[in-house]
Structure formats: structure tokens, C-alpha cells
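When the chains are written out, they are named A, B, C and D in that same order, and each has its own residue count from 1.
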Amino acid sequence: MGERGTRSLVEGMEKPASRIDDVPEEKVIRSLLDNFPATVTDFKKLRKGVIRARIERRDLYRCCKFLRDHLGFEHLSMISAVEYDKRFEIVYHISCYGSCLLLELITSTPKDDPSVDSVASIWGGANWQERESYDLMGIKFNNHPKLERILLPKDTLYHPLRKDFKGGG
Amino acid sequence: MNLFQFCYGIIHWLVDLINHLWYWLGNLLPWWFGDFFNAVGDLAASHGNIVVFTILLEALVILIIAVVNVLNFIWIDRKFMGRMFDFYGPYYVGYRIGGWLQNIADGIKLFVKEIITPAKADKIGFYLGPVIFVSSSFLALSTIPLGRNFGIATNPSGLGVPASALIAFAFFAIAPFAILISGWSSNNKYTLIGGMRSAAQMMSYEIPMLLTVASVFLLAGSFDFMDIVSAQHDIWFAIPLALGFVIFLVCLVAEVEIQPFDLPEAEAELVEGWTTEYSGMRFGFFMMTSYLRGYIGGALTTALFLGGWHGPALIPEPIWFLIKAYIVFVVIEWMRWSTPRVRVDQLLNIGWNRLMPLAMLNLLIAASMKTMGWF
Amino acid sequence: MWINMGPQHPMTHGLWNLRIKVDGETIVDAEPEVGYLHRGIEKLCENRTYTQIIPIADRLCYGSSLTWSHLYCLTVEDLMGIEVPPRAEYIRVASIEMQRIASHLMWLAAYAADLGAMIGFIYTMRDREVFIDLLQALTGSRITYNFPRIGGVAHDIPPNFERDSLRACDYMEKKLKEYEDLFDGSKVFMMRNQGVGVLRKEDAMNLGVTGPPLRGSGVKYDLRKDMPYSVYPEMDFEAATHPDCDCYARYRVRMDEMFESCKIIRQAVQKMPKGKWRTVAPRNAPAGTGLGRVEDPRGEGMMYVVGDGTDRPYRLKIRSPIFVTVSAAKKMLVGYKVADVVAIMGGLDMCIGETDR
Amino acid sequence: MGNVIVFRSKDFVKWADGVLEGALRRSPIGSGVDYLTKDFFNWATRNSIYPLHFGIMCCALEMAVASAPRFDAQRFGIIYRSTPRQCDVLLVNGPVSKKLKPALRRLYDQMPGPKWVIAMGECAISGGPFYNSYSVVPGVDQFIPVDIYIPGCPARPEALIDGFIKLQKLIKENKKGLLTGK
């Protein structure tokens, strides 16, 4: 387990995550704080290699672009939406190839206007995951290429994962 | 005595038998009615009429040969596949005879099933497709003799044109046309693609196949199966024309549309290919005929390359012929169950870029052999 | 001409729909459509206790159900902060690798049948039974095992398990060489695979493709190596990669992974320590979040659980590898022939159970 | 008046068809033919069962395993066909979601009669572990008549083969003549 974070990369990776190679968790935190001092808050190191940060939703797109272009976070693992009493939280799990940092980026939206910027233009893999969040939780993603229902039939009226939906489960 | 004479004899005997009764009946009646009776009897006993009935009887013989062979072939196919794949194949239906009754059960079940015509299908084409497919294959079968005296299109009186091999290939090549018709008229995208693929496949594989056959014609000096087979009395054409034999076998697999080249009914991407919309006995006919074409392929290979019915005289000639045809079929089946399917552009590539030049080369070899006077 | 391939189509191996637009036989546009098997598992989990979810997690993916229940247990252990006894970890690793081989063999069977080689389907299905038997001896079931528990595994290994596993590995390595002869030696198979379904490295990384398709594109990204969980750091194995980016590379990666899995099983059953195989887990989970990431046979599987102090999860989010991978289908399909659909989509190893959840 | 004089061939075929069918169905000829052929047709039907190649969830894997060498359902003449037009049995082997329901019903309607339905596994019988989900139909018999239920989650291959044998018994019990329907 010791060599985590310093693993050498595959030969010939053009966009090297080599910048991240010698970047431990603190360095990511510092560089995020330097660039988004007002919006990035609440840092926490959960385990080795797993960082959590909160970001306000108006800066989400810029922050994600910065993460991919400058810090080498090229892999969006998962987008999950969680409903709380007053707000929705949208959790982005972002990691990078080669090193094993996992960034848990949380943004929240109020309940009356559940919308955030889409990151599908940054990571192509976000496209369907955002559609799924829209389908099951009813969160709108601005500038999404095709925001439609994906798992449920097109004529469904409800968003099943919301807590006020009582049918089933 | 050959098959024609045999059937002619049977019919003649039957007609005579009936005519005896008939004339006896006519003699009992008043003279004007009796004359009419006698006239009908004479007409029935005339040579032309008996020939017509003889041909009908021969058609029945063809049908029986075809059906028995098809049943055997499906059984061999499944059993052989089973043995290759570590299982039994059909087993419980008629288990005393190795599951042979399974095919009969399948056929009867398909006969009982409902026949569906899709609402938006083109009715005429949809009905016509199976008819053309089945009948053209039977016609091709009818030209192939099973023995020196066991042929149907072989004319004993020497009046016809000795071109039975040519006719066989002509009929054999009609089937893709029927596939195209039924694929188009089913009004389904899969069947349409299947039909189109079949047409492309026929276009590209018919030519090298016929070039190879031309080399056989060249060596034998005739278009007739009888002459071709008797020309192979000393040496099978598969030995001097080894290259041609391989090309012919590959093209044959493409023509009868089985595994490496079964693109028109590629199960994985086109659901069941061009038979997707056919149900009940129409599908049964298709399935039966595709095996029948397998038999025709084996028979053609045997007649053209493997010396036909020539063999040690212990076994009768038709049996020799059938044994060889079955072996060819089993080899084809072996190929079928062990290779993946090629793609359509690769198929055309193989046909035009590889087989065409090789077939030309083969024709050159045959021509030079003929020129040297070896045949 | 738009063609609908699915939901009932021999190519799909599951329940989804691929719409392709063809020009002649060339694909110009493609659009996968999923959701025919949506069972609302994430909602169901909110109304089940933590232990009751294990069988449901099993039914997430029918190809490799053990991986998913293991992932679920990892996630909840992370939430509850439980240490798993080492013997349980070794049992888990051995069983997961058996499951990985069984899953890859099933993929190979389906793939060979798709390409038309029925013989591949039959032989791989026959040899898969060896590992299914081992897993059945271990867990008592053939497909959905319900074996891992929060804080360990359900039972100890049966008698002679070590001997049987070693034998199975020897048998499997012999058979895998046979498959290599059967497929790599077949000209037609190579023609159908090489240069088909090219997914370049940049596209694969951007589209979030994980697992064998990503490693087949030349990116060495294997969570067992990169972010090790369980006792994988103590195992000696290599993450298989191939630089070709095509269907053949994906096939090759999976074959190599099966060899590596045999190695891991050997080490796991031989190094297995004595001791307990299960600890007691509390009924209620604390408020907080838990995260689990494993290398599923199909890619990166991930679960995110939010606990609220009760005995039921407040929210359980499942990341399905195939759900993300299949969204990259258009990139791979466009420009190839209709017949390549089966090779390309078959090469992704679709498992609709986890995709639709 | 026109339709009295003009007698199209289509009408003639229809008329002749109706007359022949009526004669066959009602007369002793029909029942005689049925008496002779009933057993034979029934034997053929029950010994050649073609299920639809349609996999939904876990049980689909066991369906595939059942036709592989170890369990070998082909001994009984069971061959999977991919198109519903050539099938006898619809094998529902998993939960039916609301999105799938119309498609499955359509598949059933596309099959030619006589046809049977086997519900394989708990999900198809009653919804199984997903019985109270918002998106799963609890049991396929809510919209398709089911003949054979095979319990198990997932049902084992032996259970599937047993189900096919039970179906053969069912077909044998409900013996019907082709013409008279008795």
C-alpha cells in the first residue's frame, strides 16, 4: 500500500498526470484554495488518498475545468444526488489515472431550484450520469446536450428517489 | 436397365393392368359406349402418356430421396454437432434409433403451427419466395444422377441435350433470388439486409465457382454428369485439380450459406436473417431446403471431383455416391461448427481478390493439362 | 435507415436497445437505450435494513454477483468503521477472483457465439462450471451467492477447498491455452476483431470508460493495483493491458486477466491465515458517508452510502461501470459495419442488471 | 347490383374455404381425421419445443447453462430460436419492468399459436425481491397467461429442464384435434 501515489505511469500517456505525480493531497487542496478562495470550503481528508471539498454551485463548472486541465483529474467516477430536508447535494467523485487521488466534490442546490451547471462538456462520461440524476432525482443540469429520462419511460411524471415519493420500496 | 426404364416398366405394367379391367368393362357395355371406352384405354396406353406418368413417378422418387436425405442430414448435423460439443444431440425422441425421429417431430410440429403473414408484407412476394426457393432446389436435385443407371435427367434415348451439369448449376443459382424476394417482401429491416447480402454473396461467389466448374468441363469434355463421372474412372478430378477442388468447396459453402459464410441469416446481428418473418410450415420448408441444398452441394462435389459412383464394386453405385456426398457434407458441417462468421466486406474481399485469381489459375492449369493431352 | 436492435435481440445479451442508423451496411449514427430492467434498487435499499440489502446487491449483476455484494459490504464497513478479520479478506479475494474468471468465461462464451463460433460458447460454458462448482461448495448457490457479510463472510471454507481450487486453477490455465489456440489461431476470428471498434486512449479516458475496454486502450488503470482494497496489496499479479485499442485488445486483456486471476487464487488459498472469519457488525450505522470502490470484471464499481443513524441507509448510490461505458458506444460504432455491432458491443461485456439497477 | 354479377376470385377462394372448413369441422370426416391424427400431432408438438431466445436477468444465465453440455436441454429437442415467429414457448426469466411490459406483450402476440408461457424464477412469478418496487410488474401473469411456473431465485438448470418436461405433460393432457378443436 505504501507506493500509492507514486506509481509510475504507463509509457506514452500524452497528457501526463505527471503533474499530479508528486502532488499529495495537501497540494491539491492548496491549489484549489488559491484559485477559488471564495467558493471552495470545508476541506477534509477522509482517508489516505480521499479528499472531500464543498463548492458553491456558481463556480462548479470553472472548478471542474480547472481540476481536469491543471490538476490532472481526468476521470469522473460518479455523480450522485442526495436529498436532504432543505437542499439537494450533488456529489462528484473525481479521480485521476496513474495516481490514486479521489476527490469528493460536493455542491448543493436549494430545493425550489434544483439546478447546476452540466459538466458533460468537460468529462464525456458525465453525460448519462447527469441524465440519470435528472431522471431519478429531478435535478436540472444547465447546458446539458440531451436532458431526457433515461431509465424510466418517457411519460413518467414522478422522480422516484425523492423522499416525498412514497410508491415502491 | 436404368431408372427411367424401370419406372417406365412399372407404369406400363400398371396401365396394362388397369386397361385389362377397362376393356373388359367396355366389352360389357353397348358398342358405341364400348368404343369410347376402348379409345380412352388406347390413349392411356400410348407411349406419350406413359412417359408423362413415368416422369411423375420419377418426381416422386426424387421427393423421397430428398426427404430421406434431408432427415438424415439434419440428424447427422445435430449428432455430429453434439459429439463435437460434448453432448448427445437429439436423444429422447425415438431413442431406440438415436433420436432420428426428432426431425420428424419438428416437421410435424411446424405443420401444425399457425402461419402468420405480416399485415404490411407484400403478399405476392411473401408467398412466392418459399415456392421459388424450394422448387429450384428440387429441380437442381433432379439433374444429379446417383448411379450409372440411377438418373432422372439423363435421357436414355439420347435425344436431349447432354447438359445436365449446366442445368444443375443454373437451378442452383436461383435460390439467392428467392431469398432476395422473400427478404424484400417481408417488410422487415433485418430480412431486407439479409436478402441484399444474399444477392451480393451470390454475385461474388458464383463466378469463381463456375470458373472452377468450367475447368472440370474442360477436362471431361462434356456438360453432362454421366460423361464427367465416367471421365473420372481412372483418376478423380480432385487430384489433378486440387486447387480447383478447394476453391469449389469454399464457394459451395458460400452458395449453400452455411457457417463461415452464412451472412444472409447471420444469427447474431440479423435476428434470423431473411427468415425472420416466416412462421409455421413456410419456415419449415426453408429449413428443410437449406439442408437439401447442403445435400445438393455434397452431391455436386462428388459428381464433379470425387469420382461420382466409382468405387469397389462390393457396394452398389448409388450407395457409393451417397457415402461420398455424406462425407462432403460432414466436412462442411465440421467447418460450420468450428469457425466464426466473416463480415460482409471481408466476404466480398475473399471472393473477388482471392478466389477469382485462383480460379483463373485453376482454369489455366486445366487448359494446359488438356493441351498436353493428359485427359 | 434506423434499425432497432432490441430489447429482444440475440446481440443484446440482456435487455437493452441499440438504435443504429445505417447507410448501406455502414453505421453512421448510434444510440443505446437502457432502462428496460430498471427495478428501482436504490429506492428499495432505502427501505431495507443493512443486512437485507446484501441479497439485493447480489442481484445487481448476474454475471458477477459476488463482486457487488462484496462492494456493498466494503461500503458499509467503511461507513461503520469495522475492521474485517484477515481470514475473511482472503476468502473474499479468492471467491471474487473465481467469480471474475466465471464472469469472463461467460463473456467469452457470449462473444464467441456472437461471432458465430458456437464451439467457443459450448467449451467455455462447460469449463465455467468448474468455478461455479467451487463457488457452490463455498457458498451454496450457483449464481446469486449472498455470501459476504458486513464484517466478514457467511461461512468458513469447506473441506478440501484449497486442493480443489489449486486443481481448478491448473485445469483452467490448461484450458485457457486451448482457447488461445482456438481463437488467436483462427484467421477469421482475428479478421473480425483486429482494427474493429477502435476507442482511442483520449476518448476512453474522457468518456469515463473503465475496466477491460480502458485497459485495452492502453491505460493501466486497475483499482486492484491503483487503489488497493482488501488484501490485494499482498498479492503478486499484474494489471493486464494492451495497446491496440480495438476489440482484439479487449479480448486479450480479459484472457490475460484470467491468467492473473488464477495466480491470485493460488496465492490467496495458500496464504490464508487461521482465525475468525466474521466479526459482529452493529445494527445501526452512524450518520456519515461511506465509499467503496472495487475493480469489477466489467470496470470500476463504486457505491456511496449515506447513513443517518438508523438501521436503514438514507441514500445508496451505485456506480455501474457498464452504464458509463455504454454511453461511449457511439464513439466506437460509427464508421463500422452492421456485423461489427456484435463484436463491439459484445466486447464491452454488457450486464444490464447493474446498468439499469 | 354490381356485387351480384361480379364474382371475384378472392371471394370464391373465401367462399370455398368457408364451405370446406365448415364441412370438415362439422361432419364426421373432421372428427374421424382428428381421431386418427390427434395423437401423432400431439406427440410432435410436445417433443419439439422451441423457446424464444430472450434473456432478462439471472435466470437467463441458467437458461444458457441449461443448453450447454453439462445439462444439455437439446436432448429433449429444445432449440432456442431468436425470432418470435418461430417459437412455441415464451420463457420469461426475470422481472418485467413497466418499460418492458408493452414490448413483452407484443412479443407474445407475435408468436404463432399454439403457444405457451413459462414464468421462470421468482421475479417472473411474483416480482421476487423487487415485489414492491415502483417500476416492476409483480408477476408476468398480470398481463400474459402463464402455463408453467418454475420457482427458484434463480431457478437452477435442472429446474428449467423439469419445467419443460412438465410442459410436455401439460401438452399431452390437453390433447386437441386440429380440425374440430376437441
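Note that in this section a residue touches a chain if its C-beta (ideal position, glycine included) is under 8 Å from a C-beta of that chain, and two chains touch if they have at least 3 such contacts.
Predicted model only: the values in this text are computed from it and were never measured.
With steps allowed only between chains in touch, the distance from chain A over to chain B comes to 2. By number of C-beta pairs in contact, B-C leads when B-C and A-D are compared. Taking each chain's centre as the mean of its C-alpha atoms, chain A lies 49 Å from chain D.
A straight line joining the Cα centres of chain A and chain C is 24 Å long. Averaged C-alpha coordinates give centres for chain B and chain D that are 34 Å from one another. In chain D, 69, 82, 99, 132-135 are the positions where the chain touches two or more neighbouring chains simultaneously. Shown for chain C are the residues that touch two or more other chains, namely 9-10, 35, 38, 40, 43-44, 122, 126, 356. Those residues of chain B in touch with two or more other chains are numbered 85-87, 267, 271.
Arrangement of the chains shown, judged by which pairs touch: an irregular graph that fits none of the line, ring, star or complete shapes. Those chain pairs judged to touch are A-C, A-D, B-C, B-D, C-D.
Within the complex formed with chain D, the residues of chain C that make contact are 7-10, 13-15, 35-41, 43-44, 55-56, 59, 62-63, 65, 106, 109, 121-122, 125-126, 128-129, 142-144, 352-353, 356. If you check the complex, the residues on chain C that touch chain A are 34-35, 38, 40, 42-47, 201-203, 205-210, 218-221, 225-228, 233, 241, 291, 293, 300, 302, 304, 306, 314-315, 317, 319, 323-324, 326-328, 356-357.
Touching chain C in their complex are the following residues of chain A: 1, 4, 7, 9-10, 12-15, 46, 49-50, 74-78, 80-83, 91, 93, 95, 97-98, 100, 102, 104, 123-129, 132, 136, 150-153, 160-161, 165, 168-169. Touching chain B in their complex are the following residues of chain D: 40-41, 43-45, 47-48, 69, 72, 74-77, 81-83, 85-86, 88, 110, 112-114, 178.
Here chain A touches chain D in the complex through residues 152-153, 160, 165, 167-169, going by the rule given at the top.
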